[in-house]
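The same subunit A turns up in both complexes below, where it pairs with subunit B and then with subunit C.
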Partner chain A sequence: MATLTIDGKQVTVEEGTTILKAAEKLEIDIPTFCFHDKLEAEGSCRMCLVEVEKMWKLQAACATLVSEGMVVKTDTPQVRAARKGVLEFLLINHPLDCPVCDKGGECELQNLLFKYGSDKSRYVEEKRRFIVDPQSKYDDLAVGPQIIRNMNRCILCRKCVRFITEIAGEADLGTFGRGSKSEINVLPDIPVDNPYSGNVVEICPVGALTSKSFRYKVRVWQTKATPSICPLCGDGCNVKLWTKDDKIYRVTSRRNDFVDEGFLCDKGRFGFEFVNHPHRLKQPLIKKNGKFLPADWEEAIKLVASKFKTTREQSGADSLAGVGSSKLTNEENYLFQKFFRVVMGTNNVDHRVNSRHLLPSPSLKAKNQIYSTTNSINEIEKAKLIFVLGCDLLKEHPIINLRVMKSAMRGNALILANIESTRLNRFAQDELIYKKGSELTLINGVAREIIKGKLLDADRVRLSNSEMEKLREKVQPFDSQKVSQTTEISSDKIKNFANTITKAETVMILCGKEIITHPQSTEIIDSLYDFLRLTGHQDKDSCGVNLLWEDCNSLGTLDCGVLPDRLPGYIHVSDEALRKKVEGIWNAKIPDKPGLDFNLLLEAVHQGKIKAMYIAGADPVSEYPEEDYVKDALEKLDFLMVQSIFLTETAKLAHVVLPGASFAEKDGTFTNVERRIQKLGKAFDPLANSKADWYIICMLAQSMGYNFDFNSPAQIFEELVRVSPVHTKLSWQDLNETGK
Partner chain B sequence: MEKILFRHIDVSDQYKIDTYIRNGGYRALPEALKEHTPDELIELVKKSNLRGRGGAGFPAGLKWSFVPKDSPQPRFLLCNADEGEPGTFKDRALIENDPHQLLEGIIIASYAIGAHRAFIYIRGEFAFGAKRLQEAIRECYQKGYLGNNILGSGFDLDVDVYRGGGAYICGEETSLLESIEGKRGTPRLKPPFPASVGLYKNPTVINNVETLSNISYIVLNGAEWFANIGMPKSTGTKIFSLSGHVKCPGNYELPMGVTLRELIFEHGGGIKDDRQLKAVIPGGVSTPILTANLLDVKMDFESLYEAGSLLGSGATIVMDESTCMVKVAYRISKFFEHESCGKCVPCREGTRWIRQIMQRIKNGKGREEDLDLLRDICANIAGNTVCPLGDAAVVPITSTMEKFRDEYEYHIRHKRCMVDLGKRFV
Partner chain C sequence: MFDVLKTIFWAIPRGLSVTFKYLLSRPTTVRYPEQKLTLSPRYRGLHYLERNEDGTEKCVCCGLCAAFCPSGCIYMEPTEDEFGERYAKVYEINELRCIFCGYCQEACPKEAIFLGKEYEFSNDRREKLIYTKEDLLVPLEKAGQRM
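After this line comes the complex of A and B, so read on.
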C-alpha cells in the first residue's frame, strides 16, 4: 500500500495504482481522452497531465504509478494551462459540425471543452481535411459494414485501434501515416468486419466513428435509455436500449464487470431489429377454415380455455402438454410450469426442443450442480489452462470468447477440442480436431493415458481407491491406438494433451452446444468430472466443468422447473417432503409422477395420447433436428395454442396464436451462463395489441377458474424465491445494477 | 591530439577484418572476455565517464548498471545507428569505414550486460553501411568473434542488423524498440525505462554507434586514460559533424571542450567566402541556436548547457550573414511537422500549427499577434509531450525568436526578408 496526497487530501491505495485511479477514489476528477481502463495506458492525449512534486515536468495521471509520500496537484495554473493547450490543439482542426454529428450530446470533446475550454479560436489557418472523395464536401468513409469514419473529427486517441488489437485480437483497424497526417484506417479491401466491431463506435469519444444503423436517425437527447439484458445468447451482456416512441434506435453496453466488462458483440449490438419488425404479431389470431383471422383477447382466451378444459375432461390431464422457452423470462417460465402443474394438473411440461436426446440430466456425482457452470466468468482469466470442448466460442458465446482470448494473450494455456477448427485457434496452444461423436472416447482415452503413463501426482488425485479402481476399469478399453482411430487424433497429440492437463496448475473446462446436445452428454460430463478429480483439479478456484448454455435464459428455464420431472429448483416431483412444501405454497396438489420430456411428448402425440398442446415462446418446428417429425406431430393435435411474437413455422400450425411481447416490452429476469440473475427493463409497452407473456398466462389461468393473482414479474419472482431452493435468499431488489 | 575513433579513417580497407586486426583491432575483446568480469567492465566504463553520444549524454556505464542482475529474462543490446538528426553524419562514417571497431564495442558491451543477442538498428537509407556491417558480422563469425563460445570464453553472442523504417522518431530509443518489434515507431511512456523493460519487455541497453565504438579503447587503455582526455565531466573525444557555411565541412574528431572557434576556423577552414559568421546550431537542429559572439564557447556537455544550448549529437551547423533566420526556423519547423510521429496531441497538432504560422511569416503574411501566438503554442508543447521530440521541435522557434526577433518583426511589418534586402522580395 502507498499513501499519497492529491490536492491536499490523503489517500491510501495499493502499489501499482495509477494517480488517475487514486484520484478517482478521492472523487477528484481528472479529464482524459485516450484512457480506457481495459486498455493498456497510452498516455498520448496529455489531457490528464498533473503536477507531481519533485518531477520536473507534468506527468500523465493515467500512466504514472503512485509511490509512498507522493504529492500530486491536479488544479494548478500549470496544469490548467496544459489542459487548455491540449483542448486548443484538438480543436484547431476539428470541424465545427456538431449540429450534424451523431455524437452530439454525448461527445467527450464537447463535454470537456464545455468544462475547460476557451470560447474563442486563435486559429486562422486552413483546417485539415481528410478528403475521401474530392468531388464531395463530406469526408465520410465506410471502413466496415457497420462503421463510418469521419477522420476530420478524430482526436487520435487510438482507443478504437487498441480495442481491436488488445481486446478483439484482430488487426483490421490501424493507424496509418505519421504526425499530423496520421489517420485511422483499414487496408484496402479489408474492412473492419470482426464480431466485435461495433464496440469501436461506442469507444470513440467523438463522432469520428459512427454506426450506419444509428446515423442521422435521431438525436441522442431525444431518446430514453433503459437498462436491460441482451437476449441473443447465454452470456447475458448488460445493455442500454435507446428508444423513442416505442422504437429501439440502438443498443449500447451497460458495463458490468462481472459479465461483459463494457463490451458487446455485434450480434447483440446490432441485432435488435426484430423488436420493431413489421412482421411482429399485433393481435390474437384464430384459425377458421385453415385461415388466421384477427380476434380480440377475450374471445381468444375464452376459446383456448374451453378447449383445454374439454380436453382435460374428455381425455384426462395427461393428454395436455406444455412447451416453454429458454428465451422467456424466469418469471414467465415459472408461471408456465405452475400453470401446467396446478391448472392443467399434469407434469407434461418441458422446453428442451432442440435435441433428439435428453439433455444432460442431473447425475449423482454433481447433483443439481450439473446444470450450472461451476465457475464464474471472472474466474476464466485466472485459470492456468482452459480446455474448450465442443464449442465454437466465438459464435456461441462471443463475450466469454473475449475472456478466453484475454487469458490466452496474458500467457495462460488454451487447448481446444472441436469437430472443426474455430477462429479461436490462433490463440490456442493446441487444437484437437476430433471426429464428430467421439468425445467420450477422447476423454476416456486421455484419462487412460494419464493413468497408464503414470503422469499422476498421487497427492493430487481426488478419487478414493474404489473410485480409482472403477475409473481404471472404465477407461481400460480405450487404448491409444483405438482412441486414435475413433477420434482421428494422433496418439502423440493425445499423449501431449494428457501431459499438459495433468501438469497444469488449474484447469477450467468449457463445454458448448456440441456437448450439451450430445446423445451421451451425461456420460461425457460425468467423465469430465472424473477427469478433473483424477488430475486434482476439483474444488479449487478456476477449476471446473462449465456448460455454456446457448440461450439468454437456458439455465433459468431449467432452474425454474420447466421440466417434466422437476419442480423449480430441481425438486423431484416424487420427493414427497419437498413437493408437499411447494403444494403448501401453491395451495394445490402436484402430480407425483414425472411427465413426458419433449421427445417422449412427440412420440405420445404420434400415438394419439396427447391431444392438446400449449407452446409458449418456442419454435420447435425450426429448432428440432427433424422438422417433419415435429410438424406431423403438431398437425395431429386436436388443439394447439402458440404464444409468440412472430408467426413462426410452429405458430402457423396453431389453432390459436396469442401475440407475446419482446424482451424490450416487459420486466423480468434472465439467468446467464454463470447463473447470474439479471433484470430486463421495460422500455415501452407491448406493441399494438400484444401482451407480456406472463400476463397472458395469468389471463388464461383466470379464465380457467384459477386465481393467478400477480400484478408484476416482481411478485412472481418473490414467489419463485419461496418455492425454489436454487433461488432462496434472493430478492427482486437485490437484482438491480449487476444482478446476482 | 591523437585521434581515437578516426585513427584509421583514411585506411582504405580498414573495414576488412584482417586490416582491422593488423591495425591493432580485436585486442580488447579477448582481454575483456578473459580478464574482466562483466561487473568489472561496467565499473571500468563508469570510471571512464564515457557519456552517450546519441544526444542526451547519459553516462554509459551507469546505464549498463541499471540492467537487473538477477532477472531470468534474456537481455538485449541495441546499437542505435538511426542517425536521423539533421546535420549529423558521424555514425555513418564510423560504420562504413570502421565497422569492426563498432562490433568489438558491441561484443564487449553485450558481455558486460549479459546479452546474448544484439541488434544494430541502422537508418534505412544507409544501404551501404548495412551491407558493410553484415559483411563485417560474417567475418566475425568466421573468426569466432561472434557465435557460440566466443574465443573459448563460454560467452555466446549473435548480432543482427535491422534496417530502419525511415523515420526520425525511430532513433528515439523506445520507438526504436517498437520498430524492431515490427510495430509502428512511436515512443513508449517512460518509466519503465528500457534497461528494465525494453525489447519484448526484456531488459535492454541502447547505445549510440559512437558511444560503443569507444569501448574497446577504454578496455585497452584504461578508464583513467579516457577520463584524462577532454573535460572533467565530458571525457574523451567527440566527432563533430561540421556543416553549413564553412570552407571545409566534414567530420572532425576533437577532444571534448574544444572551442567552437577552433572547430570552425582551424579545422573547418573558416567561413565560406570569408563572410561574417551569424549563428551556429551546435548539436543538431533540436539544440538552441548560438549567436556569433559565443565563438569561444567550449564544445562539451556542460559548457554548452551553460551557454544556453546543448551538445546534442555534435552536429555543428554554421550560418553566415546571408542567412535568413525566419527561413531557417521555417525549414526546421517543416522538418518537425514531418517527423512528429503523431502519437501525442501537443506535438502532432502543434508542430503543424507552428509550421503554418512560420510559413505565413516567411511568405510575408505574418500578423503582429503571431509572435505571441507562437510563443504560446511553444509553451503548450514544451514539457507536455510523450517524448523529447516535442520539446526539440519548439527549440528552433523559441531560440530564433529570442535571438533574432528583429528579423521576425521585419518579416511581419515589411512583408519581406531583412537579410537579402533588394535581392529577394517575398
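After this line comes the complex of A and C, so read on.
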C-alpha cells in the first residue's frame, strides 16, 4: 500500500497502481486519449501529463506508478500549458471536418479541446493528407467489411491496434511507417474481419474509424440511448440502443465487468436490423380460406378465446398445448405457463423445440448439477485449466470466448475437444478432434486412463470407496485401443490429456450446444461430474461443469417453469406442499399430472389427442430437427395460434397470427448463461399495431374470463419472485445496473 | 376653475396643429404591393441553400442548424453519394413554424444556409409551406453568387 497526495487530497492505493487510477479513486478527472482500462498503458498521447513533486519533468499519469509520499498536482499552470500544447500539436494535422465526421458530438478530441484547448490555431501551412484515391478528395478507405478508416483524422493513440492484438488476439490491424508518416492500416488483401472488429470503432477517440452501418445515418445528439441486453446469444452482453423515431441506428456496449467488460461481438453490434425489418408483422392476421387477412385486435383475441374455450369444453383441457420460447423474457414465459396452468387448466407446456433429445427436468435439490452453470463468467479467468467440450466458443459465445482467450494469454492452460478444429486452437495447449457422437467414450476413456495409470493423488479424490468402485466398473470397457478407435484420437494424446487434467490445480469445463443437444447428454454430464470428483476438482473455486445455453433466455425459460412437469423454480407439479403454496398465490388450482413435452406433444397431435396449440415466440418448423414431422403435426391441428414478430414458417401454418414485440420494444428481464438476471430497456413502443407479448397473454386471459391483473413486467416479476424458489430475494429495483 | 378652462382652451389648437401638420406632409404608408420598401441589409426572410461554384450543394447535412433551431422546424436525413461524400437526402424547413431568428445561418459551419430577402411566400395549403431541399436550393445558374 502506498499513500499519496493528489491535488491536496490523500489517497491510499495498492503498490503498482498508476497515478491515473489513484486519481480516479478521488474522482479527479485527468484527460486521456490513448488510455483504455482493459489495455496495457502506452503513454503515447501525452494528454494525461501531471506535475509530480521532485520530478523535474511532467509525468504521464497513465503510465507512472505511485510511490509512498508522492505529491501530484493535476491543475497547475504548467500542466494546463502542456495540455494546451498537446492539443495544438494534435490539431496540426487533424482536419477540421467535424460537420462531415461521424464522430462529431461524441468525439474525445472535440470535448477535450473545448475544455482544455486554445480557441485558435497558429498553424497556417497545408495539413497532411493520406491520399487513398488521387481522384477523390476524401481519404476514406474500407479496411474491413464493416470498418472505414480515415487516416487524416487519426491521432495515433493506437487503441485499435492494441485492442486487436491484446484482446481479440488477432493481427489484422497494424501501425505502418514512422514519425508523421505512421499510419494505421491493414496488409493488402487481408481486411479486418475478425468477429470483434466493431469494437475498434467504439474505442476510437476520434472519427478515424467509423462503421459502415452507422456512418452518415444520423447525428448522435439526435438519438436516445436506452440501456438494454443483447438478445443474440446466451452471454447477455449489456448494450445501449441508440434510437431515433422508433428506429434503432446502432448498438454500442455498456460496460458490465461481470459479463462483457465493455466489448461486444460483431453479431451483437451489427445484428439489430431485424427490429426495423420491413417484414415485421404489423397487425393481427386471421386465416380465411387459406389466406391471411388483416384483422383488428379485438376480433382476433375474441376468435382465439372462443376457439380455445370450445376445444376445452369439447375435448378436455389436455387437448390444448402451449409452446413457449427461450427468446421471450422471463416475465412473458412465466405468464405463458401460468396462462396454461390456470386459464387453460393443463400442464402441456414446453419450450424445448430445437432437439429430439431433452435433458430431464432437474429436481430442486440438484438444480446446480444439470441445468446451470456452476461458475460465473469472471471465474473463467482464474481457472488454471479450461476444458472446452463440444463447443465452438467463437460462434456460440463470442464474449465468453474473449474471457477464455484472456485466460489463455495469461498463461492458463486451455484444452479443446471438438468435432472440428476451431479458431480458438491458436491459444490451446492441446486440441482433441473427436468423431461426432463419441464424447462419452472420450470422457470415460480418460477416466479409465487416470485410474489405470495411477495418476491420482489419493488426497484429492472426492469419491467414496463404493462410488469409486462403481466408476471403475463403468469405465472398465473403455480401454485405450477401443477409445482411440471410436473417437479417432491417438492414445498418446488421451494419455497426455489425462496427465494434464489430473495435475492441474483447478479445472473448469465448458460444454456447448453439441453436448446439450446430444442424445446421451445426461450421461455425459454425469460422467463429467464423476470425472471432476475423481480428479479432486469438485467444490472448489473456478472448478465445475458449465453448460453454455444457446439462446438469450434459455436458462430463464427453464427457471420460469415453461416445462411440462415443473412449475417456476423447478417445483415438481406432483409435489403437494410446494404446489399448494403456488396455488395459494395464483388463487387457482394447478393440475398435478405432468404434461407432455414437445416430442410427446407432436406424437399426441399425430394421434389426434391435441386439438389446439398456442405457440409464443418459437418457430419449431425451422428449429426442430425433423421439419416435415412438425409441419404435418401442426397442419393436423384444429386450431393453431402463433405469436411472433415475423411471418415464420410456423406462423404460415397458423389460423391466427398475433404480432409480438421485439426486445427493443418492451421491458423485461433475460437470464444469461451464468444465471445473471438482467433488465431490458424499452427504447420505443411496439411498432405499428403490434403489442408486447406479455400484454397479449394478459388480453387473452381477460377475454377467457380470467383476470391477469398486471400493468407492467415489473409486477409480473414481483409475482415470479414470490412463486419461484430460484428467484427469491430479488427485486425489480435490484436489477438496475449490472443485473443479479 | 380658471386654470382648467385655460388648459382646455389651449389644448384644442395644440392638438389640431399636429393634425394640420400631417395633413400637409407626404403620407408614410407604402402602397404595397405596387410599392415595396427597401429592406435592411440584415433583413431575415425565406431561407435558401447555397451552392458551390461548380454547382454542387454546400450543405453536408451536419445537423447543427437543426440542433440550434429554437422552434425545431428543420428536419434532415443524411446519406452518402458514390464517392463517400456526405450530403442531405432530405432537408426540410417548416416555414410555418420558423420564427426567422437566423440561428441556423449563424450555426452553419459550411456557410450553406442563409436567410434571404424573400418574404412573399404565403400559400393556401399548409403542406406547401414545408419547404424541401429542391425548393430551398438556389437555382444552378446563380451558383456561387450570394443573393
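We take it that the second predicted complex is superposed on the first by the 731 of 740 C-alpha atoms of A that agree within 3 Å, B and C clash if a C-alpha of one lies under 4 Å from a C-alpha of the other, contacts with A are read in each partner's own complex, and residues count from 1 in each chain.
In the analysis below, contacts are C-beta pairs under 8 Å (C-beta built on N, C-alpha and C of every residue); 3 or more make two chains touch, one makes a residue touch a chain.
Small disclaimer: the values here were computed from a predicted structure and weren't measured.
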Once the structures are superposed on A, label A:L58 by its partner contacts, choosing first (subunit B), second (subunit C), both or neither.
-> first
State whether A:R215 touches subunit B only (first), subunit C only (second), both chains, or neither.
-> second
Looking at the overlay, does A:F89 come into contact with subunit B only (first), subunit C only (second), both, or neither?
-> first
Between subunit B and subunit C, pick out the one touching the greater number of residues of subunit A.
-> B
State whether A:Y138 touches subunit B only (first), subunit C only (second), both chains, or neither.
-> second
Which subunit A residues come up in both lists, the one for subunit B and the one for subunit C?
-> none
Subunit B contacts subunit A in the complex at 167, 169, 184, 189, 337-346, 348-353, 356-357, 360, 367, 373, 379-381, 383-386
For subunit C, which residues are in contact with subunit A within the complex?
-> 60-64, 66-67, 77-80, 83-86, 109-110
Within their complex, subunit A touches subunit C through residues 98-100, 104, 136, 138, 140, 148, 215-219, 221-222
Can you check the complex and tell me which residues of subunit A touch subunit B?
-> 41-47, 49, 57-58, 60, 63, 81-82, 84-86, 88-90, 92-93, 122-126, 128, 155-156, 175, 177-182
